[in-house]
Amino acid sequence: HNGPWTTVKIGTEGAYPPWNGTSASGQLEGAEVDLAMDLCARMSVECVLVAQDWDGIIPALQNGKYDAIMAGMSITSERMEVIDFSQGYATEPASFSTLSSSSVASLGVSGNVNLDLGPSADVDALKAALNGSVVGVQGSTTHENFVRDVLGSSVTLKTYDTQQNLELDLAAGRIDAALSDSGSMEGFIASGNGSDIVFIGPKLGGGQFGPGVGVGLRQSDSDLKDMFNKAINEARADGTLATHFTKWFGKDISM
Amino acid sequence: MEFIHLLSLGDQGWGDEMLRATMVTIMVSISAMCIGLFVSIFGTIAKLSKNRLIRAIGNTYTTVVRGIPELLVIYLLYFGFNNAVMSIANSLFGYNQYIELPVFLIAALAVGIISGAYSTEVIRGAFLVVPRGQIEAAKSVGMNKFLVFYRVLIPQVLRYALPGLGNVWQLTLKDTALIMVTGLVEIMRQAHIASGSTYSPFTFYMSAAILYLVLTTASSMALNSAENWANKGVKREKA
Amino acid sequence: MSIDGICISLPKEYLGLKVQLMCDSLPKLLLGIPLTIELVAISLSIGFVLAMCIALMRISGSRLLNIVSRSYVFYFRGTPLLVQIFLIYYGLAQFDLIKESFLWPFFREAYWCGILALTLNTGAYTAEIIRGGLQSVPHGQIESARSMGMSGILLYRRVILPIAFRQALPAYGNEMILMVKGTSLVSTITLMEITGIARHIIAKYWTPVEIFLIAGIIYLFINYLVTRIVRYAENRYTPYLQTNE
Amino acid sequence: MITALKIKNLTKSFGSLDVIKGISLTANQGDVICIIGSSGSGKSTLLRCINLLETPDSGDVWVNEELISMTKNKAGDPCPADYKQVDRIRTKLAMVFQDFNLWTHMTVLQNVIESPIHVQKISKQNAIDRGYDLLKKVGINEKAEQYPSSLSGGQQQRVAIARALAVNPDILLFDEPTSSLDPELVGEVLRVMKSLAKEGRTMIVVTHEMGFAKEVASKVVFLHEGLIEEQGEAKEVFNSPKSERLKQFLASNLEG
Amino acid sequence: MITALKIKNLTKSFGSLDVIKGISLTANQGDVICIIGSSGSGKSTLLRCINLLETPDSGDVWVNEELISMTKNKAGDPCPADYKQVDRIRTKLAMVFQDFNLWTHMTVLQNVIESPIHVQKISKQNAIDRGYDLLKKVGINEKAEQYPSSLSGGQQQRVAIARALAVNPDILLFDEPTSSLDPELVGEVLRVMKSLAKEGRTMIVVTHEMGFAKEVASKVVFLHEGLIEEQGEAKEVFNSPKSERLKQFLASNLEG
């Protein structure tokens, strides 16, 4: 990109509430949408939000369809090979959920696990409980990576194009359990459509899930990365970062 | 009734979004059909050409595009076209900025290229069924190549091609459902978004189905009257 | 030499395409072929039987059956296959009535939902093809059969149906190709056929163009085989229609 | 002598158009009856009523002195009382159509043996043997394995005749069997028909070939507007026509 | 007297099949030349070579004493030297086809006035007036506004003749103009052709209608395997054929 940034296009999915969703008036909405507006104001650039299916969200960034991704995308080493990230702005643990009537529901909820800290008994218990079941995740996410790496062939993996379709199929009983970020699933449970869904096992962080969610950027745009880092620092310092996430998640998941 | 609320107009319902998306579907379909017809002119010329190489190019186009799932053609264009345009711009003009093609254009192009392959087959077929004798009759009264083409061939080709092109139009209309993957908010994507946000997939996919039915029915009625007009002078075969 | 060996020997990139990656993903994509073929074969066979019933309903003379078959064909030819797939898979699960019924074990499975959607879709198109075939049987050939004492089932079995099927063969060949292509859409409801696997690989390497190119070539090859089979059937069953081009 | 075919007071209309207005006709075994008349006079309809390809409105038809029994359907329209009888009688009454109507999906031989095998339940080998004989008779046995579409019109018509003969019919009905043939092909078909006439086959022939009628017809029937305007021996009818209509018809037909 | 048409040493082959093997022929103004011969003898090909619907391999054609100039294309195949000349000469040489080949997307009148308006650039009103006259001449003026598909074969063929006459040609070429007609329709077309012959039109007619040939031909040409086997006055040729081939041909053709 030549010259100073005046307009920044930001790609998001619009199907991952409360991070980013679509309202009944057809507008994008969610914590990241508010945050994007806030950050752009701080960077003194004009912001345009672009909706993009998750499948193509990284190729479209590389294509130049937009300049940044804010789509609840976790920072991982795998993604770092093809794109760059700003510093993280939020972190939300992942957890498994299931229907309360399901046999795996008896596992119950256990504590927090940081996968960076090595093997955990909670994870082993989870693996044992899920043995032979069908587990759904949104495709090409950290959640998918976790299921592949840790649960491997002990479960049948189903991947979905959106978090919402994953939620629909969990509620419909087509899968035994779903792995997703806790905040999204809490939102679904709270919406009333998934009222018989319960969490099981530990809340997972670190490891495959990476250090948190950040702004995805092209590797060539280091100037834009600096701008975002600076703006995020400011937003964190004056508390607006926390305000945005509290508003949408009902708790502060900012980092 | 829950669905009335969901489909209401205004900020609380998705009715107005669905209608707007229908307009987008219509616009993309029309653009794609036009692009397809434009492409099919060259496709037909290529496939009827005496030159083997040109004929091979024409055949490859129709065979490949009709043999690959539409979804893949759209994906390939969506992800590959920008790259291709940019590398061409780069190698020809040394221009190395991101060139952004509007999603609408890419979507219309993608469906247009598919539609063009089918139109090519239809138009080529129509050329071949114009009775050779009518062309000879035109030559025998002294018409030159241009007159034969313009006064005898084209009117008949149009007539023979019209029903087939009508089918291509219906196909094009339905193929636009697949461009939801490009992010362009047409009927199918709007239904997808709305059903995801409201967790009422049946309501919205059914609405989408009905909207498509309305479009296909209305256009087939229009096509029928066009055919009747073009078929003046042709006896209807007895049923 | 293993496929890995071949792939390594290729240049990493050519014309901006990641050639090695394309080569590596080929065997993975090929694993999707059995499911693709299975979906096509099952939905085409059931769809054909369904289409026969629909076509017979259409010519049965009963008003009710006629309206039912017309509406069915109207709906499934007038809407995109993708809508049909989504409606059956996601749409029906919206109703508790269905989730609690004996049908749920069927609708629960993406596999069966996919087959159902593809079957209903091809059923509608095939019914029209069969109807066209029946209509194209020259009236004189039916009359000459009648004049020799044939009637009823014998007339259908020996003269009308054989001629109709032969007339319909090319159109049915096209329908088979449409079905092969149609299966790519069931990747949207979690089925891992060729396109499903392609999307999966893409999600890992973020290289849609390369992977979809390979997938496209596989489809092209399958459709080439379908064309050859139909061509063979045409030569076998309609030698009198073949032109010596 | 047996009456091969007897028609009494036959009528037939299409909607408000009365096409056959009451025709009676008798053919003894071995008769060759030629039906002539201008276009639209009802020749084809008469022929098609005989083997019930059209259902007559009223009147009776006897084949080999067996009456085809008719009844009325629910709507009050006439229809055959017994479809089995119709199918059986149709094999006694083979028809040769103007445009051949060979089954395009079968070879020449298959066309000929189809009805004997599947309708008359003759053994396949017998049917094939007889089929070859018939094809030889019409001079086309070397084309047995070809498909009809590869034959000339005259050859196709000869196959159609062989096919009609294959059910061993008592009466042959011909509806303008040469009129869709090129002039050069007419000869070969007429030759075959003449040989059939010499064999003593009963034939009812709608034709424009006056030469043929003169040569072989035992009786010529002139149809005009759904009625028999004149009938008699060929020589008589052609050389000294009585009715004004027939005179006109013969004049216009010979001029070309 | 002007030579309307002169052909010298014309040859034409398709691939390895020599169809015309060297034919010379002259037609004076007002001549009616009938070409007869069995199927495949090259009659149509000869006619089509005259107006260059087929390009002759060698030989010359003069129309109204103007030589159609030929040259060779890059591949070494013969082709017209001047396409403008060909188009011009074709309006002097109108052709009437066996299967009419009327333009189905135009009414009868439009068929007739198409070439005068667009090729000869006659004013539309003039063309229409002349068109009606011609349609009246062939007895079909009341069908002017109908489309060809609603006409009978004989009527279509008469329209085709009117269309050919509309360009005011010096020579009319007919290729079996009655052979795809029902026997009853043949008469009406032959009547029109006879009246043209009486007017003194130069006509080259490929035909199977011996009666017509006898009546109007100034010369009958018998083609056999691409060569003129015999020619002469009609009476002479039909009544005392010299060549064995012609005798055979006439025998087989009259018998049907």
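The first chain written gets the first letter, and so on, giving A, B, C, D and E; residue counts start at 1 in each chain.
Quick note on the criterion: a contact is a pair of C-beta atoms (placed from the backbone, for glycine too) under 8 Å apart; a residue touches a chain by one contact, two chains touch by 3 or more.
This structure is a prediction, so every number in the text was calculated from the model and none was measured.
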Open item on the list: Starting at subunit A, how many touching-chain steps does it take at least to reach subunit B?
Closed with: 1
Task: If a chain touches subunit A and subunit D alike, it appears here - done: C
TODO: Could you work out which chain's C-alpha centre is the most distant one from the centre of subunit C?
DONE: E
Open item on the list: Rounded to the nearest 5 degrees, how far is subunit D rotated relative to subunit E when their C-alpha atoms are superposed?
Closed with: 180
TODO: Return the chain whose centre of C-alpha atoms lies at maximal distance from the corresponding centre of subunit D.
DONE: A
TODO: Determine the centre-to-centre distance between subunit C and subunit D, using the mean Cα coordinates as centres, and give it in whole Å.
DONE: 48
TODO: Indicate the whole-number Å distance between the mean C-alpha point of subunit B and the mean C-alpha point of subunit C.
DONE: 21
Task: Inter-centroid spacing, subunit D versus subunit B (mean Cα positions, whole Å) - done: 53
Task: Residues of subunit B engaged with two or more neighbouring chains - done: 79, 83, 195, 199, 201
TODO: List, in ascending order, every residue of subunit E touching at least 2 other chains.
DONE: none
TODO: Going through subunit C residue by residue, note those that touch at least 2 other chains and give them in order.
DONE: 90, 93, 208
TODO: Check the chains against each other and report every pair that touches.
DONE: A-B, A-C, B-C, B-E, C-D, D-E
Task: Parts of subunit C lying in touch with subunit B, wherever the complex brings them together - done: 16, 74-75, 77-84, 86-87, 90-95, 177, 180-185, 195, 198, 208-209, 212-213, 215-216, 219-220, 223-224
Task: Touching residues on subunit B, where the partner in the complex is subunit A - done: 10-14, 16-17, 20, 78-79, 82-83, 86, 97-100, 103, 181, 183, 185, 190, 193-199, 201
Open item on the list: Could you list, by residue number, the parts of subunit A that touch subunit C in their complex?
Closed with: 55-56, 58-59, 62, 78, 82, 136, 139-140, 144, 158-161, 165, 168-169, 172-174
Task: subunit D partner contacts - residues on subunit E that touch it in the complex - done: 38-39, 178-179, 182-184, 186-187, 190, 208-209, 211, 252-253, 255-256
Open item on the list: So in the complex, the part of subunit B that touches subunit E is made up of which residues?
Closed with: 131, 133-134, 136-145, 147, 151-152, 155-156, 159, 232-235
